[in-house]
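Both complexes shown next keep chain A, but they swap its partner, so chain B is in the first and chain C is in the second.
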Partner chain A sequence: MNRFYKNILIFTFTAPAFLILIGVVFYPFIYNLVISFSNMNLRHITDWKLIGFQQYIKVFTEPTQPGFYGIFIKTIIWTFVNVFFHVVIGVFLALLLNQKIAGKSVYRTLLILPWAIPQYIVALTWRGMFNYEYGSINLIITKYLNLPAIEWLKNPTEAFLACILTNVWLGFPFMMIVALGALQSIPDELYEAANIDGASWYQKLKNITLPLIRPVMIPAITLGVVWTFNNLNIIWLVSNGGEPSDSTHILVSFVYKAAFNLYRYGYAAALSMVIFVILLFFSLIFMKKSRATEAAY
Partner chain B sequence: MNNLKKKIIRIITHIVLLIFVIIAVYPVLQVITISLRPSDKLLSTSLEIIPENATLKSYVSLFTEQPFLLWLRNSAFVSFCVTITGILLASMAGYAFSRFNFIGKKIGLLSLLVTQMFPATMLLLPLYLMLIYLGLINTYLGIIITYSATALPFCVWTMKGYYDTIPTSLEEAARIDGCNQFQAFYRVVIPLAAPALVITGLFSFMTAWAEYIVAAQILQDSSLWTLPLGLKSFEANMSTEWGLYGAASIIVMIPVVIIFLLSSRWLVSGLTLGSVKG
Partner chain C sequence: MITLTKYLKIVLNFKIILFAILSILIISFLPLFNSCKQPSNPDRIVIWHQMRVDERLILEKQIRKYMNIHQGISVEAIYKETEELRSGFIIATIAGQGPDLIYGPSDQIGPFQVMNIIKPLEKIFDSTYISMFNPKGLTWFKGSLYQIADKLGNHLMLVYNKSLLQKPPQTDIELIEVGKKLTVDKDNDGKIDQYGLVWNYTEPFFFIPFMTGFGGWVMDENGNPTLDNREVIEGLKFIRDLRDLHKIIPREADYNIADALFKDGKSAMIINGDWSWAGYQKAGVDVGVSPLPRITSTGLWCSPMISPKGYSININVSNDKINKVVDLLKFLLSEENQLETALELNTMPTLNILYEHPSIINNEILRNSKLQIEHGRMMPVDPELRAIWDAMRPNYQAVLGGAKSPEQAAKDMQILAIRKINEMNE
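On to the complex of A and B.
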């Protein structure tokens, strides 16, 4: 093909997407970087000036209630628990759905439902379900299980647990669909050969299924981790902005509060950068590690 | 004996799937229940799905007493624009990334991935200040561009991954038959990439239809509100208007659920996350 023509084609195909991204994503990113070195807040919204690393120092040392390290650990717990259950439940259901069973498409359709519902509706609905007196979760606990009702939204641990339960419910269908796609691409001959060799289901799972869905699951898990780590909606709406008394925050909701409720723009920008760097390092290491072990198969 | 064992396993499979279906569906039934409750029984300790004296009053008042139709129209307009933009730009950019080698390809693809790691709050503040400066606060243009950019990275990756699975020999054949590269793209490749286009469209639509936090900052004029902002306003005061909220949620869910159900067949084949190699 004519080289000139090819370059024009490449340019016209990629330029619109990247123009939008530069305007809405990359330019604000640079802007954010600048703000993170400034003293911008409600009092200095136009007459801000650069003050070096002070905001970053504040992020790591300021004795906020709750402190940075506490929230960081909580964010890791939040991300790990969520993604763990998303993947385990998702792959488990995909394995069940990948057999010849009656009503397969009906099951699949109904199981996608949590993914189809807008997140803010999910969050507000679950918040209602966690209500102490009228929420259906406590009603089920007291009526059918004869256990004492739980103060879901008033205690820090229970409120955090409530957020996790909501997010686990919301996230497993994505992993299920990704795993299902991966399972369908495994050729039947492999299982037939394994059957001839008299392999048990566990051996087939361990030696055929899991290694073969792995290349698809790794990027999905990376995305899942990044999305969960940055999931503002669920924490913010289920716990109503970090209630009780800011004890349910993960890093993103904490930044959101610093920026839009407390107007500490410089501080929020610095903390945002810290979150970004954490995720960047995680993704690079995780992708590299998983690719390194991929060669073993 | 072996048959019996198989039968038992099948029954257990069905039971397990049913349990998960109940878990997946229950919160939705909960919203339906709330929307049907008569207004004097909104706080009820009953667990029935169809409540006593079920009524459609909340739905009626949603359309007659609340600006719900306005929100619906606003949301539909914004979502439609974002979906079209998403499909158009992602299908083109993904194609270039899949088929050609060019300077900056790897960096371009990586930068798409990196955007997913930006916390929403990081872009929100600069974006907000920027939109004020450009006079795009309280405009749909501002929010449509923002949503498109949010959805694009994932969409471009999905499209690129899917194009990678379509053999280039098909386009070469089309070229021999006299198509130029662009014709080969939209006559041969695009129809084959339908599953990925469905995902791209769905993802773009969902981004716009279900987004609350960005909308809350950009659309402050209540005549411009999209559905999420309207729904949240039922909850904002001390006493949540649960009946209205439930009814509105159901109406918001219906189009999304229908689209998801219609496309669930495509969903499985269209998400080709595996091909991340640059």
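On to the complex of A and C.
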């Protein structure tokens, strides 16, 4: 208690931040939790009442089109594919940029560009590029590759692929910057020692580079998973709200539609709690299994 | 070893100090929370709107004029995208806040009325004032007036490029004939360089004229969807044939693509709304607008939905502020301001007196627009329309994508609409 008493200055300094957290995180979270057990919707916006787990039951059993499980699987695919390519491309480019090459800062700036452009602009530009007749993607495919044009935005699989391609382009710079920072913190002595031992490029990558960037990359991947899982913008804008025929939704765009198109606030709150629990468990398990909090050295 | 007395002293001291610090912090933070609440300042009027840039510029000019006349009154117009405007307004008003005035299309009135977040206006404006407006510009719902518009229409018309087409088609047969002539592969590379007609395939709002041309409509008088019938199927078949049989429209087009094709002279005609015409003129296209054609087999005009765009008053506007809000609203809806807006944007005003104004009568676009409004049908304001759009959208897209037959799409639209309405009203 004496130590606690001495730390009062620390509590004083952290109290304002804590108060703001109460206002912008804890209160909305608790409010969302409460309305997830309520019947709040268009007809009961002010006179809502608690109805137990009914909204949660609806989330898992309601025959929506598309259904919860289909969207969930699609969300997993969306998240896994995106984060996989973000990390692979990001780390690959970071390894290249970490070499002694001329004009490194120019390359670095160019590669960060996708991250610097507002998502809204990126999404709408890519949507235009995926147009069947006038989009640059199909023009390249037909003119230079002599392949038939693809109906990117009209078929469910292609439309979903179009969203993924856009998000891969948008997301790799973050991983690249994180990986580059981690690479630059690895002492040169380790590579020098490995060179003396006659280690190959692959052995150095496997035994020095990857283990030493892991403590930085694991939290970045966890963040990437959470962000991608909850990335409404790209899906919503590239596929124009789930087109074609509501077949490109991921869970978060489905929640958005339920809440703001159909005013089903209780249902949307329950579904968002389900998303929260999924992400919470993923993060805890992933961090534990990957031993992200352990020191690298 | 710490004694009990010392321990109590420390604990008590600690609690007192902690309590004092937290109290000071909370008190110092109170203005922050209070500022979020935005206590109603009777001299500050806030408008939320979803106006486009050209509309916004005129609104801001008119607001500046108002503030010059009324020194001490501050008017702030805040733009929000349509969906954000609705959801933000709902959330803010439920929390007892929000703007004093909300501007938008009439279809937001249904949900707002059900949620009881806007004021009935017939109790605020006298009947003489209300009677000055075209009834189509006044949105009544469940026996009360909830919105007074400054623009009437928001309607689709056939817009054509006069340098490519001199006389717009009057019937569906003429549309197909003209469309075939104007769909050309100029360089013989097997690709169409210019289409006869384009429009946005992704929004069912653009399907409505074809549906009405064959005698269909979205709902009955009780708000029940009426989508699985011969009229809707015929409308769907017609647009599918325009693409697959007559080949006068592109395989794929959303709003931006259709808009760009027309602006670039790659399409002779476009079906688009009154919001777009001024933009085409500014882009250098010699545009003409014409009512959408008549369907020969039914003898019916392709009737677009007509929707006024106007102002509603937040339920939370206090009694000591309402007169100032009403005064501003009357200014914005005044003859002078509506005329300025109509002539700059080519949109139809709502004050009856302006329909006799020479500038309106002699404006070709506005004259044709008035004709189209007469052919059009008022957009329902029932909240169920939201669910109906949502049910129509994927199925309309599926027909144009070749994934569903018109018969199947109509059937699925109806089933989905009923289910979504039930979900909304659960």
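Going forward, the second predicted complex is superposed on the first by the 280 of 297 C-alpha atoms of A that agree within 3 Å, B and C clash if a C-alpha of one lies under 4 Å from a C-alpha of the other, contacts with A are read in each partner's own complex, and residues count from 1 in each chain.
Convention: a residue touches a chain if its C-beta (ideal position, glycine included) is under 8 Å from a C-beta of that chain, and two chains touch if they have at least 3 such contacts.
Computed from a prediction, not measured in an experiment: that's the story for all the values here.
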{"item": "Simultaneous placement of chain C and chain B on chain A, clash or fit", "value": "clash"}
{"item": "Which of chain B and chain C A:Trp48 touches, first, second, both or neither", "value": "neither"}
{"item": "Chain B versus chain C as contact partner of A:Tyr120, first or second or both or neither", "value": "first"}
{"item": "Partner chain in contact with A:Leu262 - chain B first, chain C second, else both or neither", "value": "second"}
{"item": "First, second, both or neither for A:Phe286, with chain B first and chain C second", "value": "neither"}
{"item": "First (chain B), second (chain C), both or neither touched by A:Gly128", "value": "both"}
{"item": "First (chain B), second (chain C), both or neither touched by A:Ser245", "value": "second"}
{"item": "Most chain A residues touched (candidates chain B, chain C)", "value": "B"}
{"item": "Contacts of A:Pro16 with chain B and chain C, given as first, second, both or neither", "value": "both"}
{"item": "First, second, both or neither for A:Phe72, with chain B first and chain C second", "value": "neither"}
{"item": "128-136, 146-154 or 200-208: stretch of chain B that collides with chain C", "value": "128-136"}
{"item": "Chain B and chain C contact sites that coincide on chain A, given as residue numbers", "value": "1, 5, 12, 16, 23, 124, 128, 133-134, 259-260"}
{"item": "Chain A to chain B touching residues, read off their complex", "value": "1, 5-7, 9-10, 12-14, 16-18, 20-21, 23-29, 31-32, 35, 89, 93, 96-97, 99, 101-102, 105, 107-122, 124-126, 128-129, 133-134, 136, 139-140, 143, 169, 173, 177-178, 180-182, 184, 215-216, 219-220, 223, 226-227, 230, 232-233, 236-237, 251-252, 255-256, 259-260, 265, 268-269, 272-273, 275-276, 279-280, 283, 287"}
{"item": "Of all residues in chain A, those that touch chain C in their complex", "value": "1-2, 4-5, 8, 11-12, 15-16, 19, 23, 39, 41-43, 45-46, 65, 124, 127-128, 131-134, 151, 153-155, 240, 243-247, 257, 259-264, 267"}
{"item": "Complex interface listing, chain B residues touching chain A", "value": "10, 13-14, 16-17, 20-21, 23-25, 27-28, 30-31, 34, 43-45, 47, 88-90, 92-93, 95-97, 100, 102, 108, 111-127, 129-130, 145-146, 148-150, 152-154, 156, 181-182, 206, 209-210, 212-213, 217, 228, 231-232, 235, 242, 245, 249, 252-253, 256-257, 259-261, 264-265, 267-274, 276"}
{"item": "Touching residues (chain side chain C, partner chain A) in the complex", "value": "2, 7, 10-11, 13-14, 17-18, 21-22, 25-26, 29, 33, 83, 86-87, 90, 94, 111, 114-116, 191-192, 202, 250-252, 254, 256-257, 260-261, 383, 386-387, 390, 393-395, 397-398, 401-403, 416, 420, 423-426"}
